[in-house]
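In what comes next, chain A is part of two complexes: it sits with chain B in the first one and with chain C in the second one.
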Partner chain A sequence: MSTTTVVNPSVQSETGSPRWFTLQHKLAPYLFVAPFLLIFLTFGLWPIVKSLILAFYATNGPKSNVFVGWNNFRFLFADQSFHRAVWNTVVYAFWSVVLQLPLALGLAMLLNQSWLRGRNFLRLAFFAPNLLGQVFVGVLFSVLFVPQYGLVNRALHALIPGFALDTEWLTNPAWVMPALVLTSLWMYVGFNMIYFLAALQAVDQDQYEAAMMDGANGWQQFRAVTLPGIRPVAVFVLVTATIGSFQLFELPYIMLNNSGGPDNSGLTIVSYLYMNGFMTGDLGYASAVGWVLALGLLAVSLLQMRATGTWKEGKV
Partner chain B sequence: MRPQRRTSLSRALIVILLLVSAVVALTPLVWLVAATTKGPDDLFHYTFFAPRFSAQNYHDLFTKVPFLRYLTNSLFVTGATVIVQLFFSSLAGFALAKYEFVGKKVVMVIMLTTLLIPGQVVMAPLYEQLYHLGLVDTRLGLIIPGAVSVFGIFLFRQSILQVPDELLQAARLDGCSEFRIYWDIVMPVTRPMIGAFCLISFMAAWNNFLWPQILLHHDDKFTLPIALNQMIGIYGNQYGMLMAGTLVSVLPVAILFLVLQREFVAGLTAGAVKG
Partner chain C sequence: MNLFPFGKAALSIFVLTLLAGLWLVAQPAPHKTTTLTYWTFAKPHYEAYQKALPAFEKAHPGVTVDLELVSNTALASRLQAALLANVDVPDLCEVEIGQAGSLFRGPQKDIGFSDLTDRLMQTDASHPVSLYNQMVKARFSPYTSRGRIYGLPHDVHPIQLAYRRDLFAKLGIDPNSLKTWDEFVAAGRRVTVPGERYMIQFSDSDAGLGMEACLLQRGGGYFDPQGHCIMDNETAVQAMHWYVPLVAGKHPIGKDIGGVSSQFLTQAVENGYLLCMLCPDWRCKLIEEDMPRLKGKMALMDLPAAAPGGPVTSTWGGTMLGITKHCKNQELAWELAKYFYTDPAQLEERYRTLEIIPPFKGAWNLPVFQEPHPYWQDQKIGARYIALGPQVPFQYTSPAIVTAKNKLSEAMVACIQYYNIHGETGFEPFIRARLGRSANEVRALLNRDPY
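On to the complex of A and B.
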């Protein structure tokens, strides 16, 4: 890199002597990373190391610690409600990702038409739900899902013959998960569409023409040109959407009145962590749950990258 | 069917599908706006807007609860976080992009590794640490741990890498100090990335729930997400007021998004598309 070149010392700098000028040039990178490094080491790296230790302690608030060995993990893996939380989270992640990605890609393909007018407005409209954080969406949808009067039930009742107006989305355990997945689709389809749209626009148009000359129909073009062209982005979206889904917390927590919902039907891993770690003051247990979540996420991401063939090429 | 007719038919289908999707995306938001303008009797009586306008919900929002206080708290915490993050991240990103120094590789590897670890892991020890520093239940406790963004550093490093070295070298020959190079040359050149980062960082801090919920105990320091959650517990059946609170909470993000829209989309997809 050319920045290692010695600076012309004969130039009188505005700030002082030539010696000072050379010195500040040498010190600059260290000074520039220093604030970041200081905060990162104190509030980023050290807590990570500390949480590994803390996971083996039972604590009662920040003041008292007792070493308990593997007990936190033993208790965790035996706890019925943790099993429920893991199951709920996996089911949610599965459905929300499986529905989200094709919808987002489909929407991006519809929008990626050169003749279409008002594309900017439509893109804005699809993205708009993402401007609301999960908490605000949770408050809004807890009212939209109200039985009898709520907008969701009214709309579905009008559109689908036989859909009961008094469907209890948030109080009937069987409906809680569908409610969460529906809400997540509303929030995130437009967000992921932005990625797919950018990827589609980067696909070489000549390839489509070549495919058309070979007589490929729409589906064949999609398989032969579009999918390979957007694959890196698709894998990126798949992995990040999955990681995000596994960390689901605010949405169900708010929609279900700060609980796991009826019969724990909306309890997720992170809500389990919050309720059993922080609300009880057991920071050790919270750390143990956190690490189980972290390792689980890592495993799922690696599996996905392997399954999509990204692993071999060594790039995401 | 003739090809001409087939094209216009498929185009019509595309437009219809897009419009239906747009309606699905926007309807809850329109409903939200409408709900804030209706009195309790009209709320469910009219699906969207009622013939008579009511300001009662907004009146309740700012008189029954100290909502202005929550709004100010959120603006302060988020504003401070964005400014500090922007400064530290761009500065470090600049150093990692344009300088060689001892330990650079190590720093980058450690940063990349921590990106893989979800935030929930550090919360317990972080709480313990802030407790010992006396920062529990303070706004400072929200700002300081979030003052650096590893994601932001990579974002800035990536965009500063594209600034030509000759530009920096020329400034050096003119006697610019390194900090002035950062301030007067690098920052203006990376302006689109600054816009994108500000919005991403603003949204993350503004919508943050779990950490303020853990750290803050007293009502007078609450930020909007936790204040709204508390309001549901107390005014759970006053939907109109809760919707007004939601709308006011969302507005600052919406305004910022409209201002920074172009930069945002570019910044969001920059890393992903290039792979």
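On to the complex of A and C.
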């Protein structure tokens, strides 16, 4: 930055317009920021403000809006389908995070071992599912989960005696959520593993040596050295994985054939928002759903940061 | 360079941005020659229309039609967004029956489609019978809102049963003896072996694959002509009470595998896992293409009646063609709509491609419908469907149709879960309460509408 603030006297004398130069100098930062600001205000902030306004209207296109006050929110809190969507999303988020993070950390620790042969290949292999789009994964798993002929049932039937070939992963309400959680595990464990891997490599090796000299066993080293060392990353992964889980949309949308699934067992908050906004055309109600989701996410994230002590320490 | 003291990198970015902007500005706007834009979601329709368009364009010099194939899922949201924002709206658009109702939200003046009622009712010296009266009236019901018609029906879609003729013979089932559902279910109980063979493809999770057709056959539905929710009336309760034991409990005879069309369904039918399927006319072609090895082994039979003498068909699926208000040349769009939907040459050609009978009764005497079909044991499938056309039930709609369909599936799954645990004990009161709950949720949604 210092090079940009040095005024070259020769420039002033050559152009003969020191005022223009000063003006240009003052305006330049704003001009550089302006494109981003313009785009952000138009496509970021304005839609957010507009959605807040819409949440208080019954809408049928830009021409016919009727102000309904808090009615959309009142209806929302009494709406059984919304309750179901919230419950499903919370259950999905819980199981995704509870299973995903320990698995990702475990994998990262394993693939961080120097003795492991082919670990670069394994890192790529575990991360690879994340390179595929959710739509592709959704299509793939909806085929794998087909009863009678699907690969999952065939494999489980061969491995577990008594496992029914007819098991309906995507049409039986009891199996829909496990199917979604398993699919997302396959997709995201490798992604979170990369974060943990980077964090593990940043932990000071001297601390392990010191711990070993103090006689700490593997578990003690993990608790006293590894966990504190990766905590900022772990909190980041926890918060982003939770937010990502709450925003679940594409997988159930594809796997459950553009519906909430049997008995709405795969209906998520964002699916419900989409159905109302873009299939029923009720943008006002969809906006209300969106705002409740946003506020819910904010609350959950704050709770998580408080629970992990990050908020207090101001580390994030 | 001294005039730009912020470094070469910043200057490069600035110059590139400037050049890109200038390039964009300098691009000439594409010269649009299209007169009409037509969206369809069905690839077979798209291919058939593509063949038919040159003749229309030749008959209307200077007119060009831009035909676009849009996936059904994308079409619903794209059209919804286009109509809401009044941007990139097609002139004509085909909409799937299950989504049509949601496009009729709000005050009638703000519905995105043109009101076709007057055009359909119009008569003159050369056309003494209105187009409305030349078509199957029931097919207008899903595209009617508050007494006005917004869509021209593409099809009738009566349902028959497609069955494995060879396996029926082997198992000693005479299809001619299955006149009522009771007779059909009795035969089904005899031949169904859980996990190995099921009498019929009926879904236990999606009301759209079985339950809905049975409900319509019994005269029920989601809404009455005024748009009031009726999915908890006595007909619905009895239909649910009849349907659930077919897919749940100790002796189910129905199973869904592979949905409407998939390699898994093909495998299931070829392996004899499923013996029968509900078969509206649109499904014939799918079956022929998906299961070529079953040529000559499949046949069609009337749907068993709910009660002796009752209708022997129902309906499943459908498409409407709407002309959007955005269309600047409404007359020309109407001409195109009539050309595609009522021109006998078009309908004959399209039947050969799609095997879908038209709702335009004036075309029903075309010889093509009398042709025997080798795949179906030389049955005259066109004639069979046409004979059922007048019996097709009405199905009224509402802007809450998507929710209503979803709620019926929810109620069905809840009833199945109840039946699996408690059987017949307290089943009917449970159905009544559960359907009532679903219907009330739909009513609450409708009552929210301030228009």
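What we mean here is this: the second predicted complex is superposed on the first by the 294 of 316 C-alpha atoms of A that agree within 3 Å, B and C clash if a C-alpha of one lies under 4 Å from a C-alpha of the other, contacts with A are read in each partner's own complex, and residues count from 1 in each chain.
Rule of thumb we're sticking to: a contact is a pair of C-beta atoms (placed from the backbone, for glycine too) under 8 Å apart; a residue touches a chain by one contact, two chains touch by 3 or more.
Model, not experiment: these values are computed from the prediction.
**Student:** Chain A superposed: clash or fit between chain B and chain C?
**Tutor:** clash
**Student:** A:Leu99 contacts which: chain B (first), chain C (second), both, neither?
**Tutor:** neither
**Student:** Could you tell me if A:Leu144 is touching chain B, chain C, both of them or neither one (first, second, both, neither)?
**Tutor:** first
**Student:** Is A:Ala28 touching the first partner chain B, the second partner chain C, both, or neither of them?
**Tutor:** In the superposition, A:Ala28 touches chain B and chain C alike.
**Student:** A:Met212 in the overlay: touching chain B, chain C, both, or neither? Say first, second, both or neither.
**Tutor:** neither
**Student:** State whether A:Leu54 touches chain B only (first), chain C only (second), both chains, or neither.
**Tutor:** Only chain B is touched by A:Leu54; chain C is not.
**Student:** Once the shared chain is lined up, is A:Leu273 touching chain B (first), chain C (second), both, or neither of them?
**Tutor:** A:Leu273: touches chain B, not chain C.
**Student:** For A:Leu200, is the partner it touches chain B (first), chain C (second), both, or none of the two (neither)?
**Tutor:** In the superposition, A:Leu200 touches no partner, neither chain B nor chain C.
**Student:** Report the partner of chain A that touches more of its residues: chain B or chain C.
**Tutor:** Residues of chain A touched, chain B against chain C: more for B.
**Student:** May I ask you to decide whether A:Ala164 touches chain B, chain C, both, or neither, giving the answer as first, second, both or neither?
**Tutor:** Only chain C is touched by A:Ala164; chain B is not.
**Student:** Quick one: is A:Ala224 in contact with chain B, with chain C, with both, or with neither? Answer first, second, both or neither.
**Tutor:** neither
**Student:** What stretch of chain C clashes with chain B when the complexes are fitted on chain A: 3-11, 111-119 or 309-317?
**Tutor:** 3-11
**Student:** Considering only the contact definition stated at the top, list the common interface residues of chain A for chain B and chain C.
**Tutor:** After superposing on chain A, chain A residues 3-4, 8, 11, 14-15, 25, 28, 32, 35, 61-62, 146, 149, 257-258, 278, 283 contact both chain B and chain C.
**Student:** Sort out for me which residues of chain A touch chain B in the complex.
**Tutor:** Spelled out, the residues of chain A in touch with chain B are 1-5, 7-8, 11-15, 21, 24-25, 28-30, 32-33, 35-37, 39-40, 42-48, 50-51, 54, 59, 61-62, 107, 110-111, 113, 115-116, 122, 124-126, 128-129, 131-136, 139-144, 146, 149, 151, 154-155, 186, 190, 194-195, 198-199, 202, 232-233, 236-237, 243, 247, 249-250, 254, 257-258, 270, 273-274, 277-278, 283-284, 286-287, 289-291, 293-294, 297-298, 315-316.
**Student:** Which positions of chain A touch chain C when the two form their complex?
**Tutor:** 3-4, 6, 8, 10-11, 14-15, 25, 28, 32, 35, 58, 60-64, 66, 68, 71, 75, 78-81, 146-150, 164-166, 168, 171-173, 257-264, 275, 278-283, 285
**Student:** Over in the complex, which chain C residues touch chain A? Could you list them?
**Tutor:** 2-3, 5-7, 10, 17, 73, 76-77, 80-81, 83-86, 99, 102-103, 105-107, 110, 112, 195, 203-206, 255-259, 262-264, 267-268, 273, 399-400, 402-403, 406, 409-410, 413-414, 417, 437, 441, 444, 448-451
**Student:** Taking the complex as given, what residues does chain B use to touch chain A?
**Tutor:** 11, 14-15, 17-18, 21-22, 24-29, 31-32, 35, 44, 47, 88-89, 91-92, 94-96, 98-101, 104, 107, 110-111, 114, 116-118, 120-129, 131-132, 144-145, 147-148, 150, 153, 165-166, 168-169, 172-179, 182, 203, 206-210, 213-214, 225, 228-229, 232-233, 236, 239, 242-243, 245-246, 249-250, 253-254, 257, 261, 265, 268-269, 272-273, 275
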